[in-house]
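Take this structure first; my questions come after.
Naming follows writing order (A, B, C and D), and every chain is counted from residue 1.
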Amino acid sequence: MVGVACTLTGGLSTHRHGSLLAPHDVTATLLLSCDDAIGIIATVTGFVNEHGGIICSSETHRDEEQGKFFQRLEFEVDHFDLDRETIRPLMEWAIGDHFSVRSRIAFSDQEQRVGVLASKPAHCLHDLLSRWRLGELPGRPVCIISNHPDHTAEAEYNGLPYHHLPVTPETRSEQEERMIEILEEARVDLVVLARYMQILTPRFLECFPNRVINIHHSFLPAFPGGSPYRQAYMRGVKVVGATAHYATAELDQGPIIEQDVTRVSHRDSVTTLVRRGRDLERVVLARAVQAHLEHRVLVVDNRAIVFG
Amino acid sequence: MVGVACTLTGGLSTHRHGSLLAPHDVTATLLLSCDDAIGIIATVTGFVNEHGGIICSSETHRDEEQGKFFQRLEFEVDHFDLDRETIRPLMEWAIGDHFSVRSRIAFSDQEQRVGVLASKPAHCLHDLLSRWRLGELPGRPVCIISNHPDHTAEAEYNGLPYHHLPVTPETRSEQEERMIEILEEARVDLVVLARYMQILTPRFLECFPNRVINIHHSFLPAFPGGSPYRQAYMRGVKVVGATAHYATAELDQGPIIEQDVTRVSHRDSVTTLVRRGRDLERVVLARAVQAHLEHRVLVVDNRAIVFG
Amino acid sequence: MVGVACTLTGGLSTHRHGSLLAPHDVTATLLLSCDDAIGIIATVTGFVNEHGGIICSSETHRDEEQGKFFQRLEFEVDHFDLDRETIRPLMEWAIGDHFSVRSRIAFSDQEQRVGVLASKPAHCLHDLLSRWRLGELPGRPVCIISNHPDHTAEAEYNGLPYHHLPVTPETRSEQEERMIEILEEARVDLVVLARYMQILTPRFLECFPNRVINIHHSFLPAFPGGSPYRQAYMRGVKVVGATAHYATAELDQGPIIEQDVTRVSHRDSVTTLVRRGRDLERVVLARAVQAHLEHRVLVVDNRAIVFG
Amino acid sequence: MVGVACTLTGGLSTHRHGSLLAPHDVTATLLLSCDDAIGIIATVTGFVNEHGGIICSSETHRDEEQGKFFQRLEFEVDHFDLDRETIRPLMEWAIGDHFSVRSRIAFSDQEQRVGVLASKPAHCLHDLLSRWRLGELPGRPVCIISNHPDHTAEAEYNGLPYHHLPVTPETRSEQEERMIEILEEARVDLVVLARYMQILTPRFLECFPNRVINIHHSFLPAFPGGSPYRQAYMRGVKVVGATAHYATAELDQGPIIEQDVTRVSHRDSVTTLVRRGRDLERVVLARAVQAHLEHRVLVVDNRAIVFG
C-alpha cells in the first residue's frame, strides 16, 4: 500500500476557493494515446498529483477492439514542480517506452491563432466571426483568405486583414504557396475552411497536419464530392446532414470531428435543401472549431476522438 | 363564374356529426401522379365533389424541377354516385389523356394482408407483432417466413403460421419459389423484410413490385451492403442511422420511405453501435410499414413521396 | 356536373414555361380559416380557378376536434379577373356567411418591413442580420431598437438606423410610446424581439397583434420567466430547448411558432447550457421569422398553425 | 515521487488476452460521490491499483457549482487483495472522513432482479419483455403486477408469474402492501413502472428508494400529471417528449434519468400525439432501465448523474 500511503501522507486538500481553481490559474491540457495497459490511469494521474498539479478534469477512453488507451487531462500548472517543456517527455517516460505513447500538451495562457479561408458562400464565415466577436469561441481569428473579393467589408468590420487570392488552373500552385506564406507569417495554429470550394494539394495539407478543418455539406460518407444537396435530392433521402472533418489528401475522407442532420421530405427542392443545410453547416463547423481549440480532439488512424 | 355558381347552388353543407365523417363511413384513398398542369387541383377536387364524395383530406405536391404533380385524396364513398371500379378511369379521363396520369385507389373496408420475413435477429419482428397485437398498426399479419427455426414460438403466440425455409446456395431459387407460392396463397398485399438477411432475386421482387419493404441498418446511401455498423465504426462517424426502403433489383438502392438517426461517439464500439441501431431499426421499419398501409407512399423515378 | 363541365371546357393547360410560373409573376398568398364544411376545398380552389388564377400551392388542414378548416393557397394573380381588394371579400362571400370565415391575403410584390429589438445578448441579432445580408430571409430590416448602446456598430455596418432607448421603471411607459412611434413611422409589418429582455405592456402588443415574435430560451411551457437555463440545470433535465412565439399580454404564453431542442447531460453547467442554448435560439428564431414572412402562420385560439 | 515510483516498481502490464479482461472476469462497479478535493482522482485510482484491481473504465464528473466530485469506476476483482465487503469502507477511509463520501458497489456476478408494474397500456411492457428475451437488457424480470387482467398471456409467454391486483380507493393501501410483499419475496433490485397508472404512496416508495423507475408521457417539467398529450395539443407545442425518472413522493418530480423528444405539428391530433409518444416512451424507458442496471446512475439532490 505504499502508493496510497504516500498520497495519503500529503492527504487530500479541500479547495482553496470554493471552486478547485482560481479564475486566473494557468492550466495544461494533455492529450495522450498509447497501447492499453493495466495501471495506466493510476500512473498518469499519480504522475500529475506527485508533481503538484491539481487535476481539474480527466476523461479516458479505451478502445478494446484496437487495444488502445486515450486520455484528456486538464490540470493547473502554477504549482507544478516541472518545467513546461519537461512535462511531456517525463510523463511519456513514466508510462514507458514500449507502450507507443504519443502525447500533446497545450497551456491556457497561449492564445491560439486561426486563419479562415472562404469562397463565395458567406454563411459559415459570418457565423464564425460573430461568435468570435461575442466571445463564444476560444482562440482568435488573424486573417481571412478568399479566392473572391466578396468578404472585404466583413473582414474590415471585424478588423482582420483580407487576402484576395483568385485561383485559376494556371495559378493554383503559385497561389497556394502564397497562402502557406500568409498563414505561416500569421503563425496560425488552425486553418478553417469555411466553405472554401477549392481543392487543396497534399503539399498545403502537409504544412498543417490535422490542423485544417473543413465543412462538407453532406452527411459523409454519403454524397462526397460536388453538389451533395443535388445528390441527396436525386436519391430521395429523408434526412440531410453536414460534416466537419480534418482535411486530408483524400477528398472528404479525413477524420470526422462533428456531424449533424435534419429531417427533410419530398417537399424539399434542391433550393430548400441548400437552405436547411446551411443551418447545419454553420453549427457543425462552429462546434468542430470549438472542440479543436479546446484541445478535445485526438486523431488516431483516421478516426477522431472528441472528448466531451 | 359558372363553376363557382354551380358549386354554390348546392351550397356548402355543415357536418352531419360534429366530425365530417361518421365512424363507420367507408373512405377511398386516391394516390395520383401526372404532369403538372394549370387547374389540376380544382379539377380533381371538383370531380369528387360533383359526384357526391366528401373530401376528408387532400395533400398535394408539385415537383417544379420535374414538372410533376402529386396528390393524395381521401374521401367518403358511401354517397358517391359512381361504382368503385369506375372512379379511377373516370378521374383519369377527367384530367385528360395527355397528362400521363397514373393513379391507385384503396378502400378502407378492404383489409390489407402482410407477410413478414425474418432471419435470426428478432427485434424488428417482435416490435411489429407487438404493434399489431396492440392495434397500433393497420393491416393484418398473415404469415411469417424465416430461414431459421428461431421464431416458431413467437409465431404461435401471435397465432400465425410459421414457414421455416432454410436457404443454401443450392436451394435458394427453389425456396424462393416456395416463398412466392406461400405469399400468393396468403394473398398478401405487402411483404415486410424484418431483418431478412438473404438477398432476394429480381424474380421475387417482380412478383411484388413496390410492395416489399426492407430495413437496412445504416443511413443509406452511406454503408450499403454488409456489416454497416462495422463500416460506420471504422469511418468514425458521429451519427448512425437506419433506412426503410422498397426493395428493388439493385441492392439497397430502392426508393427510401423513412430514415432516422442517432448520435454516437468514439465511445461506441461496434457492439454498442449495433445496440443503438436496433432502436432505430424498430421504429423506422414500423413507420415505413404504417405509411405504406395508410396509402401515403407514392413512388416516382426511384424516389418515394410520403404524404404527411 | 356543371362545375366540372366548365373546368373541363377550358381544359387543363400545360405550363407556359416548364415551371408553372415565370420568375417574375406576382403571387397572392391567402390564409383562410373557417368552420369545416363539405365541399370547402372544391369551393376555394374552384373560385381561384374560375377567376383565372393559377394555383401554385395549396395546403389544407382539418382540425376534427375543433371542427375547423384551414387553408394556405398561393396563386399567380397577373391574369386574375378581380381587383386585389375584392379577392378576399368575394372569396369569403363564396364560402358563405355562416361559416365564420376569416382570411388574410398578401402579395409577393409588397416588401415586408421588420423592426428588430434587442437587449445586451447579440447572438440572435447578429444571426438575423447576417441572414438578411445573405438573402436567406425574406423581408427587410428597417431599424434596430435597444435599451443598450452595444449594437451601434452592428447597426451601422448593416446600414440601419439604431435607436438607443434605455429603460428604467420610471421611463418605461414613455420609452415604449417612443418605440411605438419609431416602429409605426418605419411602417413595420413585423417586430422581432431578438432577445429583448424588457417586458412589453399590453398597450405595445395591441399595436402589433400577432406581429411581435419573441424568442424564449427554454422549451415552453417548461421554465417560463427568468433564468430558464438555471431552472433547467436545477431540475436536471436531459434535453433543453428554445421557443419562438407570438408575444401576448400573458408572459411566455403566446402561440408557439417553432421549437427545437438539444440533448444535454449532467456534465453541463449553467454556463454550457447557455452556450448550447444560444445555437438553438438563433435557428429557432430565424425559422419562426421566416415562416411568418412567408405567410405560413395562422393563429387560432392561441395555437399557431405553421404550414410546411 | 514515492507514489509514482511504487507504481513503476511493478510497472505497467500489457494485457493478458488482447482485451484488458477475459470474458469471464468478475468486475466491480463503484459509484462514488464526495466533496471535491485536490488529488481525489489519483487517490481513488491509486487505491484500486495498489490492491491489484485492473481498472477497465473510469468516468469522473466535477460539479463546480456544488463543489462535488463524482466517479464511476469499473475494475476487475478476481485478483483484488481485499474482500468484497471491505472494498467500500476502506476506499471511503482512504478518501477521508471529512469529505462526505457516499459510495455504492455492485459485482457483475450478482444478477439483478426486476419487478414490472403495468396498467392497461401494454406497449412499454411488450417492449421491455422483448428486450429481455433478446438479451438486449441486463438483469432479469421476475414478476409482473397489474391492476388489470390484460397481460396474463404475455406473462405466461415470457414464463413470468402474473399478479392481478385490482385497485379501488378502498383497497388501495391493502393492495399496495400486497405488492410490497410480492416484490420483496421476489427479492427485486428494481421496480419498473411500465405505464402503471396508479399513484404509489410514500410508504411504497420508501421500500425501494431510488429503485422505482417511472415513465411519464411528457417532456417534464412540462405537462406533469394527467393527460399530458391533451395538454400538449392544447398548448400547441411543436415538440413532444417522454421522461423516465425515479419515482418520489412528489408526483412527476423525481430525478430525471432519460428524456427524448420528437417533432410534431398542427396536423397532429391528440390521437396521433399519443401514437408518436408511445415510440418515445418505449425507448426512453428501456434506456433508463438499462442505465440503472448497468450501474451508471447516481442520484444527488434530486438530480441524476448518468454516466456514459
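The rule is simple: contacts are C-beta pairs under 8 Å (C-beta built on N, C-alpha and C of every residue); 3 or more make two chains touch, one makes a residue touch a chain.
If you're wondering where the values come from, they're calculated on a predicted model, not measured in any experiment.
Student: Check the residue numbers that subunit A and subunit D use where they touch, and answer same if over half are used by both copies, otherwise different.
Tutor: Same; most numbers are used by both subunit A and subunit D.
Student: Among all chains, whose Cα centre is located farthest from the one for subunit D?
Tutor: In terms of C-alpha centroids, the chain at the greatest distance from subunit D is C.
Student: How far is the middle of subunit A from the middle of subunit C, if each middle is the mean of its Cα atoms, in Å?
Tutor: 37
Student: Report the inter-centroid distance (CA atoms only) between subunit C and subunit D in whole Å.
Tutor: It comes to 43 Å between the two C-alpha centres.
Student: Provide the list of subunit A residues touching at least two other chains, using ranges where the numbers run on.
Tutor: 64, 267, 308
Student: Which residues of subunit A touch subunit D in the complex?
Tutor: 1-4, 6-8, 10-15, 18-20, 35-43, 45-51, 54-60, 62, 64, 67, 94-96, 99, 263, 308
Student: Which positions of subunit B touch subunit D when the two form their complex?
Tutor: Residues 122-123, 126-127, 130, 133-134, 136, 153, 157, 267, 275, 278-279, 283, 286, 308.
Student: Which residues, counting only subunit C, touch subunit D once they are in their complex?
Tutor: Those residues of subunit C that touch subunit D are 61, 63-65, 219-223, 233-239, 241, 255-261, 265-267, 269-270, 302-306.
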